[in-house]
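The following pair of complexes shares a single chain, chain A, combined with chain B in the former and chain C in the latter.
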Partner chain A sequence: MTALDVQAQEPDVESREVAKPRRIRFTGRLMAPGVVVLAALSVLPTVVLVAMSFSTVSLVGGFRLHFAGGHNWARIFSDGAFWRSWGTTALYLVLTIGLELVLGTALALALYRFARGRGALLSLLLLPMFVAPVIVGLLGRFLTDSAYGLYAWLLSQIGYHAEILAHGPSAFTAVVAMDVWEWTPLLMLIVLAGLSSMNPAVVEAASLDGASGWRMFRHITLPSISSVLLVGLLIRSMDAIRYFDIITITTNGGPADATKTAPVRLYETAFRFFDIGYAAVTGILMLVVTIVVARGFIRVLGRGADA
Partner chain B sequence: MRRRGVTIVAGVGIAVALLWTLVPLVWMAISSFKNQTDVTAAAPSLHFGPTLENWTGLFSGGDAIGRNLVNSLVVALGSTVLSVVLGTMAGYGLARSRMRRKKDLAFWVISVRMAPIAAVILPLFLMFRFLGLIDTLPGLIVAYLTFNLPFAIWLMSAFFAQVPVSLEESARVDGAGHWRTFLQISLPLVKSGLVTTAVLCLVFAWNDYAFATVFAGPDAQTLPVAASRLVTSTGIDWGRMTAIGTIVVVPMMVAGLAVRRWLVTGLTLGAVTGE
Partner chain C sequence: MSPPSGVSRRSLLAAGGLGLGALALGGCAGGTGGVPAGEGWRRFAGTTINFVSENTAPTAAIAANLRPFTELTGIDVRIATYDITSCMQVASLDFASGAAEYHVVYADPWMMLAPLARGMADLREFLEDDSYPQPEGGLADFVPAMLEVEGRFASKGPLYTLPYDCPTLLLHYRKDLFDKYGERIADELGFDPTPGGSLTWEQYGKVGKWFNDNVDEVDYGIGLMAKQHDSLSCDYGNLLWAYGGDYFAAGQRIGLLGATDPGECTLDSPEAVAAAEMYMRLVRVAHPGSPGWDWDSSGAALRSGRIAMCANWHENAAANEQAMPGKIGYATLPRGPARSGNMFGGTGIGVNNDARGAQRGAAWLFVNWATSPAVQLANLASPVGGGTPTRQSVYRKPQVVAAEHRPSKMPNMLASQAAHQAWRPGYLGSRPKIPMWNEVLVTVYTGLSYMVAGDRTPSAAMRRIAHDVRQIVARGWHA
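Entry: the complex of A and B
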């Protein structure tokens, strides 16, 4: 290094040190508009939601909140339908996400075997993700209609004639199937990304050692995709409690509450029975579930950054 | 020998998955060209005289969907532009910030993004009534900001985090100001991230039904709501439904596949990268 270089660099170090506090101010200025808008859109509604949960809300002639103490909160303890809707939610989450994880992983492993044509196949298989959930629901109704639905007709050819969305178990199966149709591609995509980042040397070494089939999957593949599987699981859990369009448009919670998950019931409580204070209680509980899952998500991300 | 067996099983699996994936979509598109009798025929058939009556019917008469289409475009594009502009600035700030509570800020942003729609609708419904935003396009744009803005902040911050700080530092050394470094050095490097963020914001807003069905009356009705209004007590006009469905679905598929390479990053909020 020549003397000239040293001289040329010295002022830089200085200016960088001077620049540090200004730099923080710059990032702060950049963040400010977005953060302010986000605060208005999140803190305020949260406060209103909590206030609503402690009030009786009347909508006639403008809206008014009448303080009702813990009345709305106390009601959940004697409300069997409330707890059943959470049970339905849990079953719905476990079935949809479980199926999506298994099918998505299987599909990703299958696709991974085909280097040629993978791009085109992938594009076709991803299409359901872009379909508006409400259209998924309407399309599902169309396909399962016992009078002229394509899938109902196929089922009738093998002896199943019932109206699918009119019976509890078959209606539940149908809405699960629609969710699986729409979101399995996302899990497939996530697992595929995990498979692509696998260390080829490890796979090679394992196969030289005679590992194959199930053992290869169990001891080599699965551990290396476990972190992306976890990401997929967390993302889908938050989304599954976020969206309720498919159920609303197909069964609207019926028949006989067979598909009435917590968000569907909240919607009905608020906008059909106008029992808004009570609906707010469900809203807060759903928010808590999401926040717990989001904590997990952040933790997984942090672990990825350390590795 | 065993390897070939596995490959055959994989091939069959993919074929079945393709059928399961594509049959509903293709059937929807085909049905939109069937007349009333053919679309409700007891035995589904591919032999029918194709007609455009469902399609022409969408754009004429009292229940034309032209207005809904415009509403959908305005709210989807409006919320996307606002989210991407604010989100890019805040995302860059978040990625480069050295503040101590950075982790808490990030956690807050993701919590807002993932907040259950049903829980957000309730307070917004009261606030919008108070502010007179019910059944207006600005109201829907604001409602969509509740999920698109945190999404854009989070995702852009993940993309900016991949830009080496050294590049920015050398630009600063060369005398570029903060804004110039941000706009001319960092921003061009996340161009694909920017496009991905915009496309996904567009898809989320365009596909929304829950907010629109509560907040939009006759004036601000969007396409998904128009489709759902076809469900009446006397039955559903399936020819019309499949035509609207096709209009809702096709643009988003085109846009989504255009950013396929970054899709996994976008949809996992930056937690998983690359194909």
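Entry: the complex of A and C
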């Protein structure tokens, strides 16, 4: 490269540096409507939510905030029911996500092996996902009723005669099972998409090297689909933390608070007790927990995907 | 010329007129629905108003037959119905917005009126203004206890709603089985098992167990509504009053009129604990599905022949009669050492205080019309709904009195005699009308649910409930 060439290039460098802010301004203008809508739909409510958590909220005669300092936040430390609901939420999250992940992956692997009829089987297996959660709850309630419920009858054939939704452990198991029934197909679909995009050459090479079964899954398949698993887990964990419909329809949080998760309690606090300030604290904690769980999944699975 | 039968033309015309009048009154098929069409009814013609209500039988009946109101007033009414919790949310958010999207509000005295009374208009504004049509028969025509429980809050002055419905918990029992086995039960157990009268809760439990052991027609004798739900608090409340206890030291004073500060909680009193212990004795002999049942499920269990007795709302008599014609009887709930307590669950309708102008006046006209004797009579015979009247004059009408006995064209009236007894002082039970009731209610039924599940003893459960309720009351109330 000659000096002339360098000189000739210099104006280009300058022009790029000058043009850069222009391009940002242009994209900024393009993004502006989206940013404004996002602010209106997300940032503004979040600010109001935080303000409410430090306030006593009046509804009658117009929405008003009365500053209450840290009173609502201090209450959570002496509220045993609040922490119990979070414990229930954690257990619910671990069980539903864990079971859905294992079953969804197993179903996807099984389905992946089918060359014929995969489409028809997939359509059948996906059906629960398209049922509204509230309908799943109603179905679950009918199916577990001791008088006419099919599942209650099947359980009675193997010696279980108690009312399923009337006892804590069985009620909790039932609502977890309903969630797993509905959402396992989503994870199956996501994992199947990941399996379909695997590089066949890598699988073939591993087979030639003698890998099969569990070793193939552990060292070849799982790393290949970890990025799509991450997406699935993020979607489901965010959903499970705020899960509400099935529990409200089937058990209303009972018996003995066995199924009262944080969102059920949030609903109760806000819309039954009209204790909006305290409900805002629960809402903010749900947001924080959702972010922490999502970051955790990204850290664990994202690292695997990068590797 | 006289007709061949010898009946005069005058008497024929009179009979025809009466018949047509009764038809119009009963069916409300047209005209004004039997409401006197005096001055003032058409002053807001052309206005549209919205009514938010719980999805109850009276609202279903009114929604199916709004034409008489529109013809009487020229006002168009749109009705939105929800379950009670959603109805409460919609109303409270409407009050918060100040926009008065709903001009007429169904206001449950405990869940909605007590916490949100400031959102409701004081109806004296209309009652003291002669330019508005006044309630036919005056306020004195409403059952007095209903007017106080449903219409007022914390003060004898303002009137926020007019009584609209009056469901009351009564004992629903298989009369056919008691007719068949009554004498045998009396011989074997040594007391008269007939529901009502002097039957105690202790004896009720024994009768239930006797059914479990001796009767094939039903699976179990007793059903409870012991789900972690409002129904559990209602079920227990009946025993609480029967055993001489109450939620607060002020007792039924705050149950009837209500108060902003309820005072000392007495849910850990010996009477409250004795009632809880009795309830657990009932749980042990009741249908095992009871801990998962609310009032709908226990009613369904009775109608499907799974149980012989349960407490349930008296307005379910029509549904009972449809499923088991002639087989179900009604009585006041069993007695405890103090009395028989029968939970009252009636609700009034009122005007949103944010409603303005013509819509405010139109809302009052609708409240007045919907609670009028003619409309309540029509509701009783409605094929889509029912409910029972809150007007004393309706209960005195010959066709209504006749309907108290089978065969009945107004089957909800089959429970009427027992209901009337339940509304008398010494039988009626009303939950505390306090602004923080919703939280107290959830605390009570959650604590009781722990007891029913066997996680806490009755005394531990009641101590815990009382402790939590005291904390709620100490925090005060902001609405």
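The rule we apply is simple: the second predicted complex is superposed on the first by the 247 of 307 C-alpha atoms of A that agree within 3 Å, B and C clash if a C-alpha of one lies under 4 Å from a C-alpha of the other, contacts with A are read in each partner's own complex, and residues count from 1 in each chain.
The working rule: a residue touches a chain if its C-beta (ideal position, glycine included) is under 8 Å from a C-beta of that chain, and two chains touch if they have at least 3 such contacts.
Here the structure is a predicted model, which is why all the values come from computation and not from measurement.
S.K.: One more residue to check, A:162. First (chain B), second (chain C), both or neither?
M.R.: Touch partner of A:162: chain C, not chain B.
S.K.: Touch test for A:95: chain B only (first), chain C only (second), both, or neither?
M.R.: In the superposition, A:95 touches no partner, neither chain B nor chain C.
S.K.: After lining up the shared chain so the two structures overlap, which partner does A:57 touch, if you call chain B first and chain C second: first, second, both or neither?
M.R.: The answer is both, since A:57 touches chain B and chain C.
S.K.: Let me test your reading of the model: by the given contact rule, A:198 touches which partner, first (chain B), second (chain C), both or neither?
M.R.: Neither chain B nor chain C is touched by A:198.
S.K.: In the superposed arrangement, does chain B or chain C reach more residues of chain A?
M.R.: Between chain B and chain C, B touches the greater number of residues in chain A.
S.K.: Contacts for A:255 in the overlay, against chain B (first) and chain C (second): which applies, first, second, both or neither?
M.R.: A:255: touches chain C, not chain B.
S.K.: When the two structures are overlaid on chain A, which partner does A:66 contact: first (chain B), second (chain C), both, or neither?
M.R.: A:66: touches chain C, not chain B.
S.K.: Taking the superposition as given, does A:286 touch the first partner, chain B, the second, chain C, both, or neither?
M.R.: The first partner, chain B, only.
S.K.: Contact-wise, after the overlay, does A:275 reach chain B, chain C, both or neither (first, second, both, neither)?
M.R.: Once the two structures are laid over each other on A, A:275 reaches chain C alone.
S.K.: I'd like to check the shared interface: which positions of chain A are touched by both chain B and chain C across the two complexes?
M.R.: 57, 59, 62-63, 147, 271
S.K.: For a test of understanding, state which residues of chain C touch chain A in their complex under the given definition.
M.R.: Listed in rising order, the residues of chain C that touch chain A are 85, 88-89, 92-93, 95-98, 115-116, 118-119, 226-229, 288-292, 301, 304, 306, 436, 438-439, 442, 446, 449-450, 452-453, 455, 478-479.
S.K.: Show which residues of chain B lie in contact with chain A when the two form their complex.
M.R.: 2, 6-7, 9-11, 13-14, 17-18, 20-25, 27-28, 31, 39-44, 86-87, 89-94, 96-99, 103, 105-112, 114-127, 129-130, 142, 145-146, 149-150, 153, 169, 172-173, 178, 182, 203, 206-210, 214, 224, 227-228, 230-231, 236, 238, 241-242, 245, 248-249, 252-253, 255-257, 260, 263-264, 267-269, 271-275
S.K.: In the complex, go through chain A and note every residue touching chain B.
M.R.: By the definition above, chain A touches chain B via 12, 15-16, 19, 22-24, 26-31, 33-35, 37-38, 41-42, 44-46, 48-49, 52, 57, 59, 62-63, 106-107, 109-111, 113-114, 121-135, 138-143, 147-148, 150, 153, 181, 185-186, 189-190, 192-194, 196-197, 212-213, 228, 231-232, 235, 238-239, 241-245, 248-249, 262-263, 266-267, 270-271, 276, 279-280, 282-284, 286-287, 290-291, 293-295, 297-298, 300-302, 304.
S.K.: Chain C touches which residues of chain A in the complex?
M.R.: 56-63, 66, 81, 145-147, 161-168, 171, 251-258, 260, 268, 271-275
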